[in-house]
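In what follows, structures are represented as structure tokens.
Here chain A shows up in two complexes: once beside chain B, once beside chain C.
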Partner chain A sequence: MRPSDIAFRLYLVALFTFVFLPILTSMVFSLNSDRFPTVPLGEFTTHWYKTAFSRPEVWTAFGNSLIVAVCAAALSTALGFVTAYTDFRYGFRFKPAYLALALLPPTIPLVIMGLAMLAWLGRLGISGTLSGIVVAHTVMGAPFAMAICRLRLSQMDPALEAAAWNLGASQWRAMRAVVIPFCLPALISAYCLTAAVSFDEFIVAWFVSGLNKTVPVMILEILQGNVDPQINAIGTVVFLTSMALVIVAQLLILRKTNA
Partner chain B sequence: MTDTDPLVRFSGVRKTYGTFEAVKHLDLDIGRGEFVAIMGPSGCGKTTTLRMLAGLEEPTAGEITIDGKRMNEVSAHDRDTPLVWQSLALFPFLNVKENVEFGLKMRGVSKPDRHGRAMLWLERLGLKGFETRRIDQLSGGQRQRVALARSLVTEPRMLLLDEPLSALDAHLVIRMQGVLTRLQKELGITFVYVTHSQSEAFAMADRVVIMGHGEIAQIGKPQEIFRAPKNRFVAEFVGRNNILPGKTPGQEIVVAADRMQVSASDPGEGALPAEFLSEEFAGTGIICYFEGPEGVELKAQVTEDQLENLAPEPGQRFWLTWAPGAAHVMAGT
Partner chain C sequence: MSKRFDAYPYVWRLPLLIWQGLFFVGPLILMVAMSFWLVRNYRMEPDFVLKNWDRMLGRDYFWNAYWVTLWRATLAGVLASLIAFPASYALAFRVSETTRRWAIFFLIVPFFTSYLVRVYAWQVLLAESGPINAVLGFGGLGPFTMLNSGFGAMVGYMTLVLPLVVILQTFSLAAIDRNLIEAAWNLGASPRETLFQVILPAARIGLILGATFAFILSFGDFVSPFYLGGSKPPTLSILIIDTTKSGQQWPRAAVVAIMMIATLFVAAFAAVGAAYGRRK
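On to the complex of A and B.
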């Protein structure tokens, strides 16, 4: 092995250590019998998981997060796909502005977004409800879904859709029979990714969730009370869930595409 | 409606995109069972013409009729004008049989019927046993035949082809030309074939339409276009033609390269002195390039034996002659 290869490998190891060590630490302590995160470690235990998941509010929070993630991901993906498709199919005068606006939400500071959502959803009378969180997370997830769908559509031969019309498919039929099947890997990928975004999102949810807490909001509230290894247990579950979603999304995006 | 009425009629068709005139003015009749090739350099309006016929573009002005019926407002999916695309546009997420069945499915043909007809066409095009293959598991020639089967499975009266052979290897092109001519004769349907390739158009078509700058430059049988180009544009596009000044001012004559004789000594009156430039092997013979009077480029096709006898050196002087009947006087410029 050449020295540059060794250096590169070392760099990769260092990078992954840097990124994942904190999470790994949290996972390790979630299985540690000591109440405080200290070394040497105590004994192996699943106690914290049992305690955490025997609390009804933890289950409620997981249920809330799940409902919100499922709904917000569906809406984000639908919105993102439609936006990407208009970009693919049509040319119009203010297209650059349209695209810039569609991609804007992730650049808005989360605190601002949270406050704005709180004010806006309050007006609509859905602040503090799960629907409110769904709306907020849809806004936040749609740009990611759009980016993924645009990438896939850019690999599509424009003649493919016209070929469907030419063979007797109406515009809607061609959309169902050709465009959506072609984009299916991207749609699933976008769904997983936006579900993960929603599942993990804390700041905006904290502003708009009210009494219907999602998991990240609940974690912070437990943490404000005391240091409790149950947090590590819940955090590990959250991390593994979103990691799984992101991995599925990545696999579908990177899968060899046969356009 | 009789059989002698044209199947397709373009009358005064114009298509503009903003200020760009893709098709300026088109009057064209296409007969039943005819193999028409529309040929021209890129940007001449040939693909736009085909797309208008398929309903993928709407004419800016004029009228297109199929079977005497005005088609301008009929949308693409309500027409019976299947197109074989340059990119083939096969559906990558469907297998071979599903691709072929697509048009039938869209027309609401029942599943057993779809299956039967798809299998028939797959067999007809030598694709039996490939039904469940994915598109990316096929060779270029096989994909080509899937595209043909997909377009023909609905038994249309007319098939549109947009440079379908441009992505194939040379030896496959010849083979597919055979497949296409045979199919067209067997089915007796109209083929409208758009290409920039002279050899494809001349080898297959009953009639060739040469387009340039959004207009028809000439329509005729391949031989007519080759021997008697109407104007300089056609003569140059068809290639291997010598364009020479005629007897009266402004007049031009055309002599095909294969009707030009080369001699090493001056044979007398009418011979054109020319300096040898280079030679090029061209399948049917060897094209010799000369520089004639006033720097005009001249071409003459010779056999290998003739080339050996002449043994031309660059810069060497030769004389070019042609039989009186070989020269064609062009009508316009």
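On to the complex of A and C.
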């Protein structure tokens, strides 16, 4: 191994440390007794988990987050899939504009989405409801779902669908019997990823949630008070949830890509 | 084939148009319209006046926030690109393909993992009496004030954008034809010349894309400047939140939002021009 290779490896380790340090920190300090965490560490304790999860509003928030993530992920995935299929199969006028419409949302700053959604959902009468958050998260999740489904469709031989038609299947039947089964791993993957996006999103949710707080919105509001190790405990649960979802999402795509 | 109307294509095409029209384009158009409305007795009334534009763009505090945000986001784009590059280079050229794949895998995870909690963790880590200062203290250094400063905000921006920038750079570097690099070597180019005259130009699109995304994300972020930067001076996103949440002045917040979107558009077009434009 060249000396420069060692230097490059050390650099990679340093970068990954920077990226994962905050995640590890939260996990470690969630089990540490000090109120104002520092090193050397205090004693091991599960106190912060007990206090955090003995509060009913924490459970309510987790319930809200779960409902929102489950619904928003389903809608995002459906929307992402139909859009990816359209892009895969059809060419038409204004297609670049169509695709821009599909892929633009993540480039709009969340604070702006929050403000626009707050005003718009207020007019529609669903501001301050969980449905409002679901609507907003679907807009934000759909582009990711579309990207995943599109990737999978690009691995499908277009002749596969045509063969089904030639064998007498209607377009609908071919969709049901050929395209959807082929895309199933991507659909599940997209569902997990968009659920993670929804589960972690807090700015738009904060703008439109009113009294129906999701977990990250609750964290945001606790943070505006003071340093509170309960956040580490709640945060660790949030980390583990979204990391599990993203890991599953990726494994599903990678397994199929390599096969 | 009969020529009767086939509904099939439209079933797949229309959902996006309807949904994004209703819940993406609609809200943004309303926001633009709102910037011309008036607030009377804490209620918005449709109108067409330039008062909000006048009030916001005529104030120093808006422009101070604007330049701070623009400067910090530009710095974040440049810094993220520079910090990411050696790592991306290593991932593209110095490790096995399996390692690269796993590295990308583990960079995607934090990108979708609660940014807010990670920023909170930095708040703990960077505190005056926090772990980092404690470690530095063993070496007889510090304590340093790292929170509530431009430095703190920059740490937050890097947390947000570094994984994405490394991913984009790595993909573009790994896609370079190895023969090109070997040809440069064979023709007697020094490592420096190879880097600047072969590798960087060939990976141009990914490098610019990475910097642009870092700029866009940092420009719109409110968490890092608020919790790590101490919100002094405020950035545009903090201005929007203050104006919306405390002042009920949604139309004025809309003015700030439109200025932000316009700036991002200009930046995105400039980046696309730089990435795909003809080489000099």
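Simple rule for what comes next: the second predicted complex is superposed on the first by the 255 of 259 C-alpha atoms of A that agree within 3 Å, B and C clash if a C-alpha of one lies under 4 Å from a C-alpha of the other, contacts with A are read in each partner's own complex, and residues count from 1 in each chain.
Assume a contact is a pair of C-beta atoms (placed from the backbone, for glycine too) under 8 Å apart; a residue touches a chain by one contact, two chains touch by 3 or more.
Nothing here was measured: the structure is a model prediction, and the numbers come from that model.
Undergrad: Looking at A:216 after the superposition, I want to know if it touches chain B, chain C, both of them or none. Which is it: first, second, both, neither?
TA: Only chain C is touched by A:216; chain B is not.
Undergrad: Who does A:159 touch here: chain B (first), chain C (second), both, or neither?
TA: A:159 contacts chain B only, not chain C.
Undergrad: So, A:178: does it touch chain B (first), chain C (second), both, or neither?
TA: first
Undergrad: What's your read, chain B or chain C touching more residues of chain A?
TA: When the residues of chain A touched by each partner are counted, C comes out ahead.
Undergrad: Just which bits of chain A does chain B share with chain C as contact spots?
TA: Common interface on chain A, chain B vs chain C: 171.
Undergrad: Write out the stretch or stretches of chain A touching chain B in their complex.
TA: On the chain A side, the touching residues are 157, 159-160, 162-171, 173-174, 177-178, 181-182, 184, 258-259.
Undergrad: Can you list the residues on chain B that touch chain A in the complex?
TA: Counting only chain B, the residues touching chain A are 54-56, 75-78, 81-83, 85-87, 89, 91-94, 102-103, 105-107, 134-136, 150-151, 154.
Undergrad: In their complex, what parts of chain C are in touch with chain A?
TA: My answer: residues 8-9, 11-13, 15-17, 19-20, 23-28, 30-31, 34, 83-84, 86-87, 89-91, 94-95, 101, 103, 105-110, 112-125, 127, 129-131, 134-135, 158-159, 162-163, 166, 216, 219-223, 227, 237, 240-241, 244, 250, 253-254, 257, 260-261, 264, 268.
Undergrad: Which residues of chain A touch chain C once you look at their complex with the stated criterion?
TA: For this pair, the touching residues of chain A are 5, 8-9, 11-12, 15-16, 18-23, 25-26, 29, 36-40, 78-79, 82-83, 85-86, 89-90, 92, 98, 101-102, 104-105, 107-113, 115-121, 123, 135-136, 138-139, 142, 171-172, 193, 196-197, 200, 202-203, 207, 216, 219-220, 223, 227, 231-232, 235, 238-239, 242-243, 245-247, 250, 254.
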